[in-house]
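One structure is given below, represented as structure tokens, and several questions about it will come after.
The letters A, B, C and D name the chains in turn, as written, and every chain counts its residues from 1.
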């Protein structure tokens, strides 16, 4: 699936819910189900301290595709991290750089990615793009 | 004339004028006519610096009565100084301390004696009362 | 006279809002309070009718505006029972007031090796100014520990006082836990050793009676925006004997007597500490806030708040897994808690979706968080426009949120 | 698009006032400006609809309020064409901005024997902070003289620069004389010697185009209340390279990253310089003021003001006995004058009775008064809501007052 298709899939899943609390239940579920973060990567340089919550992010290039791992100490943030990983992990640097992230807006979680929110997510998305740039440069 | 009678006389004189400009013309006239201030007394300790205008005040006790002299570098202030001298000069410390100054309000010049005005007049009235207190103490 | 909560609520236009489709329940009063119409209009009316730069004007508007402005100084003086309005200095807020003291008192009286005493429950605004000063001046900061129950360890405080101590600076009420500190005792203790005391009244000024003469404190500071007044307004009260000795704070218009390049002399109190055009419209709003509080009978407001707090604490205890942070005997209407092992951010975010405005995080009191070994708390802080029904709804919401977060 | 003065005046509710039974003619704009309805309402609406303490909140109101607040930083950045909104710091006013620089730049970069350059036409707010710093730090202040015509002696300035010079701080426009100083040349001269320049833009920001990148100045400061915005708001712009090196200014909430008693780290720009709850409602009012100015087309406003100034100067020349203080070639709409030998207080008082609001006195520029050997001036300062008719009435009034004072 392309990044675009994955985003549409997420939007589809969330569209089932009218009520905020149901959406957040799903996020919590996604957060709980997220693959556990490799403790070896829980290091200072992988930490994004959003003041309200912490986010960890690790990235590796495997066969030309970026494999992201992420975590957060807040379960709702972790749920959003899970969505971001699902959409972006396993894609090439170019794909990641070319695609806009429109699903966050569409499913009504935009506020969590506002620069005035101090949950670490804005910085995380920036960091994911930065990894893509860096790996692209390395590949030449 | 008592201080009270003098005040009523001043009010009477000003009551002839409805228009502000006429009242101020009279003040300017009074300022111009004020007995010239003895230059020997134009000293730092007799100066009240009101920031917007300066006031000089000198007081002497003669036969149990206080003789005030005053001056200002602004003619309107000097006019008000002239009124204050006319009302209070030549009275005993007790008379000065016992009498309220109601004429300023009545003739509509209250604003010039507000503590937020920086023309030196509030401080001058305080100073006149302070002289009365001091002379009274001296007389025993 | 009965305290009519519906009338009160009608005075605060914002309270009628819906948030996320739910009626707003505003419980973030320790961060900032809402404003009654009379305050909003007082400030707007300055601009509509009397706006003019204050002091030294010869024209009508300037004089009227100056008088209304200076009246507020009188109102503040009365509100805190200061001996003189010359001791009431307007600032931008509590934070600026503390910085004023650190700068002026610090520059005048402190020398390398001197000590000042703070507490573990201080707001960053009563910590960092002193740390910056300590760096500049080589001063040492001592910290009074907080007990498990969220109170000051008074014995430790007593033992810290010594001949090098120059100042104690302490919160009247903790912004995290609502603990009311025994400030009168602290002042007595300090004065016995001839040490002055600053009280950070940001969380106290509108919740408990503040009488600076009864407290006998040397300095008392607070913010307007936390007492139903506009933002950008604060008060610094200081005893005349200190203010007269202290170096001026900032330079500029107003605070001078005469300026020349060969030497400048300073204005009298309070102006010596007020450089530049003050936030006079905001300050006039503060005057309206004081009037509003008095019209609604301070005693009744405080009683109502206290009842509401007791009611809330009692009800909230029933929420399964709730843990309170700070359970001091003397307490105002601020309740910090954690819900099981849930992250405060999660609790706050879900409550927001249900219409509740609560604050989460470290509340600018990281040393206190470190003391309790927690990253933050969820904080519900009540004002006299909150209701028992709101408390009931909060408790229902907490149960729901607790279940969701497992 | 025609500049419709009647529409403009209708936007400013205060202008319809009567004073002493006469229509108000407000010519004290250099002291503070009046506010359009949109500014008054923007501030009031914060309290009616979104009021909540900004930053770090998880709830709706706090987020909305933060976004609206941070939008203003963007608007200010655009208004002065700053490279980044991180370089835009909010303060209480020009005075606080200058004190911020004196404290932070001063503590970081100045040492005994260093020199800073000011001018004889500075406002006290750009003199006294430096005098206080000079005392603390053993720094010397050099003063650029003013010519008889009210301009800076640029040659003298050039000769003052030397290897000890650390900073030049100069008004963009004189608040007494309206002189527009050649700030771009000053910056070029200073930068040739690697000396940074602060520009006090209090009288310029709303009267002439200000582009901090074109000016290439290192710091630019101004007040909201002089540009149709609320009181208690100021801006401090600084180049990132300086801001990053400079020590923080005040300590408190917001400006920190992590606080502990063993060591505190500071937040990124711009927050490093913003301690405590800012005057966010006032700052949102500043945003509305910028919007208002842009909606009314800045170019047209400036043109109109310039025409009005030329008209006023020309008409006022006809008043017998009038003496102007400062007749620089480059000039904004500020006119200082004396009427024969009359005391400015008398002139101002009589004008007030005729409905005119003018400022008299030293205008917080005593060194300039000393320079001209006068106790003060009468100052008429115009804004774009003033009219030619008002000028005509002023001239009539001046003639009348001149006759009365003889």
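Things to note:
By our rule, contacts are C-beta pairs under 8 Å (C-beta built on N, C-alpha and C of every residue); 3 or more make two chains touch, one makes a residue touch a chain.
Small disclaimer: the values here were computed from a predicted structure and weren't measured.
At the far end from subunit A, in terms of centres built from Cα atoms, lies B.
Counting C-beta pairs in contact, the pair that comes out ahead of the other among A-D and B-D is B-D.
Note on chain placement: the centre of subunit A and the centre of subunit D lie 46 Å apart, centres being C-alpha means. Between subunit C and subunit D the centroid-to-centroid distance comes to 31 Å (mean Cα coordinates, whole Å). Between the CA-based centres of subunit A and subunit B the separation comes to 80 Å, rounded to the whole angstrom. In whole angstrom, the spacing between the mean C-alpha positions of subunit B and subunit D is 39. With touch defined as above, residues shared between interfaces to two or more other chains in subunit D number as follows: 20, 56, 58, 345, 349, 360-361.
Touching two or more other chains at once are residues 51-52 of subunit B.
Taken together, the subunit B residues at the contact with subunit C in this complex read 51-52, 111, 114-118.
Chain contact summary for the complex, subunit C toward subunit A: residues 20, 342-346, 349-350, 353-354, 360-361, 375-376, 400, 404-406. For subunit C in complex with subunit D, the residues that touch the partner chain are 13-14, 17, 19-20, 24, 26, 28, 31-32, 34-35, 39-41, 43-44, 47-53, 56-62, 92-96, 98-99, 102, 107, 123-125, 127-132, 136, 141, 143, 223, 225, 230-233, 247-248, 250-253, 255-256, 258-261, 264, 275-282, 345, 348-349, 351-352, 356-361, 364, 366-367, 370.
Those residues of subunit A whose C-beta lies close enough to touch subunit C in the complex are 20-21, 24-25, 28, 51-53, 73-77, 119.
Remark: subunit C residues 54-56, 58, 63, 66-67, 70 touch subunit B in the complex.
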